[in-house]
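Data block below; observations after.
Naming follows writing order (A, B, C, D and E), and every chain is counted from residue 1.
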């Protein structure tokens, strides 16, 4: 018996080699998802908010009407006006410009913190789920411990250890987010591990690494991506919370949470100093949540059929 | 044969699903009737609209997106489609009840068997709780569950598949319905258990003289329990006749294809005659006969003309141009 | 509207549930503050909030005058000191009892001083009387009851501020009976002789005191004082506005104007006896070790603008000493704001291109520095003008103390509130080389000038105030020239109160008994 | 069942030991010195050193940890370095404050969240669904510290209808028994105090409850939608039961399971996460207590309190798991 | 014809989560409890039985996708039951698996080309070879070349099953274990796949173990059939023989229970009482005795051996079937 290539079917030279095709086709799955997202109104709004955010971050110097650090102490706490669209803060800085520059910080926080949480969480969760047994036991006990530790307090303690700074706040928020990812990935891996196509890949002699990285993890991508998107919002919120407690960004960084804290003393006299950064946080988090929700629906396998 | 008048008549039923991707014509012109004590089989491949026919009768089409766009369902002479929600609720479970395919998921996992039995009884009969309880016991006994008293207190997960299906049947029989619709009641079960359940159906029908609509895709089951059969393809009945007729002188190419494509234990081993291709997408049915793309006897006309259900023999209806012509010739020639 | 939560409901009040004890006709003063007391044993604490409460419960041998740090008789009616200043004899009141009913006498005073000399926990004792690990008694060699109502102190060296020190609230005399009875738990069951009697302490919520009808001084006008902890300044002010508290400290500067505009409220300013400053670490290698650079920084910061952030509660400082204190050198001329001059000095020092530098600040406002974070940013921006690039590092208060003591900073904010109204308590503590040791408090500029040291040491043992004044004037000159600090401000910390609070005069040391205060109906 | 609980309790031990080690290491890694924090800016080096000696801070970490663990095992939570207060006694005040707030927030969240979720699911795509789910999305996106501030601004400054901080108006008489003020005022029949405590709870409760409320509403909705698709709901409908009965009995009981887990987790999160809320509303609870202790390097307070909070958290989760059994008879505990 | 595979006394016991806190004996679920059979090369062995009787577990154990608890597996004469790691991986080439669920058995994120070429990649075929072979495989299973860059969800169930088949043939296996390959398909599609499998067997001289619960399908495709009950083989024989003259009461019941698509056939039906007992707690003696219409005392006590019951190799495990020695 043999299964040697049959000479009859003429090889089609027009076909690009398979590698190329994989690229274009793999993208197509995502394009499908994207189309679905764009079709849903809410996630489209989310996507728009995120896009605006990203553009704002990139073009901050163009968009900002003032320098975000320039002070005008005499003219502090100016209400919104034509000159200062959102008013000025406790040092007479232009709040609009600070919020505009703040988008950079927020994106940074979101991406880095979630990056940390995701990378570590995915590694821990997939190893635990895939290999099971004692490895799983150990990892999951560690995760249990992290979960039992009140997360904000954990973050506070971490920042206290590392010293207050934006970077450290991001690290702390990232670490606190690990268990979520680990658990989601683990349960996704556990269910995917049992599917027949995983068994099939084992049956064709694939090694663990191949099974895990080629088959298991790509199929966990949907929950991971959804979780990541939603986590970005949470991370921005958490970091703002840390800043609010004075444990985050250092002055004069225009981090929104810090702006809120700094303006807090003037809530009676100059509520705009508090209102606008808070609104900015809210909008961005909302954007990521809307988008994440849309993604969840778009990537939901049940809706695919 | 059954001489009484039909208890349930379905006429020209069209149930469509209006989805973003297009209109799914799940049921597209179904006609049949059934008399008390009779068993009507509905066979067809997955997606051919069997369940939706049943759900239409029950008034349980999920809406939106589903909608009965045309037709009449007459139960005891009254059109069910004009009934109010409340009236329909009083008919469901009491006059017409239904047994579903998957006994594993059709019972609520968090309630005891007793509760699930009793609530049906209480919903339709003016029973006291105690009366309902003894009725429940009686029912479990009837469907052959050993030690029913103890079993009443159990939860569904403590039952095996076959037992659960018996419970489902007990629930369906709770108020002595006149029509019982069984939607693939044995598909999820093992053969030995299937035999038990089919046996039970026969027994129940003998005792209670119900009309049974047996939905299945297994011609074996049809041969075993049905008096008459309707074969469905892509939402439409393609052949409708007495069971014996169907097996002896089935006419529609699809019916024949089905019969030839199943291996049987007794027939000599020979190559199966598969039907090529796949069932059509109900959203965009081909013009003409839906079966044409897979039909061995396809003719030019099949691609343009959607045949109508034509009586080729006494009580033997076929939807196929092959027979329509002969038939119309017949009509014309004498 | 402004409803005091005292007994009699004032007409037009809409705070329906806020007063519940109308029937009894009691007057309750509700005092809002940012943090709870740590302990109610004043000898063991340093925080103002604890002292605030204990100042009501305890008396000291002598007390400060109402608005200055001059002393007046309290538990002691009269006193005398020997020529050499080493022996002090106090005549005590013979007619008073502690709140627990036990008698106050010379033995109780001895008991307290002996107690304080037993452990480093009694921090103010150690700190004011120079206790060391080996000798916990410090300069107090002996405390004896030389009569039923007479105590004699024998000192090992003369100490000019001794009497004023004894007036500090940490040296409140506690009932020996109560101390023994409660042992470890004494700190939450304080018993003194003061105008108010301790009633109840709900940690982080409130401390309730009731008036001491038997008080030997002026018996309090209010029947009860409740110290409520409301951590957030803004929320506390709202409570005041809504009438659920009568008096509050820790006002946000931003709210001062609001309070002044509110016809139901008043702002009462505490006389100033503090200083806030920017210390420059002279010890660290780098630009700040050079006098010229430090002077340049002094020139480069616009004090006027900076202080405008204090919203009217601060006056510019040019000396480490507050002007209200004797020994203040008013002849010194402040550096003034002159960016060009500053640049010139920098250039002279070889830093024409500027440099990078850290500025350590802290999160929680202090009475002498209501907006540390904002101030830091203002300075950051101003120093940009002379190409000095400031990185702000903000820590919580405790950490700030730790890291600045260790000299990790280049520049750091800090401030000081006088304890006993003696210049020594500022100059020696904050700028003497004795206190410039890493890891210990005080001189975080790590300013070490032998001449200054000699002057301060001399002033310590000199009993004649005139001579001491001379010494301090000289020291201030040198310090001004060396510029280890950029002195910022002396503040008059504002207290917001409802309009019907009368006869309340805050004391410069930071707390005062409430017996004179009254609530008008 | 009992065995399961015992085993689960056993399994808590390693987790709690882990938590204690983590807490211990973290807090000791924080640069700074509790002696300094305690003595403040005016202490001398000598005083600091002798205090450190006295507090045993100079011992090796392992000795300190051993001592801490030893005391815990004997039921002694130790005393605060800063205030010398017995920690257990402190917690007797502060824990109830936080727990009362948390429970209040949670009840608020559950009632509103579940109801909104159910209605939104039943009326999928209706205006109610849209509005409540938009609201829920807003809810999870709001920074609660901001929300808190804005609420204070609105309700205390602008309208002056709710007290901006604290648990009780000063001067309000209340005999405390449990330190749960609502409970105490009810027990002592003190209606005025109840009203007062309630009005104090409203804003912080709402601020704290917003996120779980939103999460529960979304979870309930999606869980309900999932359940409503299930076969047993179809069965229940086929029985002719009333819609409300099907929704609130058959569907909700099943849909509540995942919601229950979320509630358990959220409860734990709230407990620890009350720091911000307690800061804004000057609530004298453990959130602020630990936060300040972390900043003050008050080792014993941080260690003990976090251990307590962690214990409560795992216990709440254990209770959730047991409640699972109540709602889902399929779960077996072995 | 030579013996390709021989299995002796194969057992697979799954440990159950111990229900008792401190019990020493770990309870097990005896999914496969001592089965023996052999297969000639080019032959199809059908494996039938009710759900949960251990058919899939047996298949997986033979492939060593799970480690058997006990027993030996001889593949081409070599005992592979102790193979591990690299040696086992090499073996994968020769033994393949086709799955029941055409939806779950294909990685939804891989194109058809990726799925089918993956085994070749693992065994390091050159790109060119991979490509050629892919084309050929698509062709033999009746798919078009333009299909290869599509994703599984773009295919119907029957097509997916073809893809699965193509993948399993990618390495030129000798033995293919088919775990209910058609039971998820519609009847009309089922016939297409069965026909395909028969064609492939002929073309590539494959040896099949064909697992199914549909007796008619098994009968159609198998040369020999083994009937399993609760982890044991109760009867094994030539297909025709087994269907015409089943010896074991369980086989008889099973066969009689199959509804025939022939309304005129009046079958004598044996309706078994009760359900399949749990393999975690199987009955003593003959495992079938609880449902057997002929059970007697001995059945409860003694476990019957699988013995030869007819001259041409039919074997059954029942006390009441006479042993025939050929």
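Going forward, a residue touches a chain if its C-beta (ideal position, glycine included) is under 8 Å from a C-beta of that chain, and two chains touch if they have at least 3 such contacts.
None of the values given here were measured: they were computed from a predicted structure.
J.: Would you mind naming the chains that touch subunit C and likewise touch subunit D?
T.: Chains that touch both subunit C and subunit D, as defined above, are A.
J.: Give me the set of chains touching subunit A intersected with the set touching subunit C.
T.: D
J.: Report the chain whose CA-based centre is farthest from the CA-based centre of subunit B.
T.: It is C.
J.: For the pairs A-E and B-D, output the one whose chains share more C-beta pairs in contact.
T.: Most contacts of the two pairs: A-E.
J.: Roughly how far is subunit B from subunit C, centre to centre by C-alpha average, rounded to an integer in Å?
T.: 90
J.: Where the CA atoms of subunit A average out and where those of subunit D average out, how many Å apart are those spots?
T.: 26
J.: So what's the Cα centroid distance for subunit B and subunit E, whole Å?
T.: Chain centres of subunit B and subunit E, defined by C-alpha means, are spaced 33 Å apart.
J.: Express in whole angstrom the distance between the two chain centres, defined as the mean CA positions of subunit C and subunit E.
T.: Computed from C-alpha means, the inter-chain centre distance equals 88 Å.
J.: If you look at subunit C, which of its residues touch at least two other chains?
T.: Counting only residues that touch two or more other chains, subunit C contributes 234, 238, 396, 399.
J.: Spell out the part of subunit A that touches subunit D in their complex, as residue ranges.
T.: For this pair, the touching residues of subunit A are 42, 141-142, 144-154, 156-158, 160-161, 163, 233, 237, 240-241, 244-245, 257, 260, 264, 267-268, 271, 274-275, 278, 281-282, 285-286, 289-290, 293.
J.: For subunit A, which residues are in contact with subunit E within the complex?
T.: 1-6, 9, 11-12, 15, 17-18, 21-22, 24-26, 28-29, 195-197, 199-207, 210, 214-215, 218-219, 221, 301, 304-305
J.: For the complex, which residues does subunit E have touching subunit A?
T.: The touching residues are 60, 63, 65, 89-90, 92-93, 96-97, 99-101, 104-111, 113-114, 117-119, 122-123, 127, 129-137, 139-140, 145, 149-151, 153, 164, 167-172, 174, 204-206.
J.: Considering only the defined contacts, which subunit D positions touch subunit A in the complex?
T.: 14-16, 18-19, 22-23, 26-27, 29-31, 137-138, 140-143, 145-146, 149-150, 152-153, 157, 268-269, 271-273, 275-276, 279, 290-291, 294-295, 302, 306, 309-310, 313-314
J.: For a test of understanding, state which residues of subunit A touch subunit C in their complex under the given definition.
T.: Where subunit A meets subunit C, its residues are 69-71, 73-74, 76-77, 90-91, 160, 163-164, 246, 250-252, 262, 264-270.
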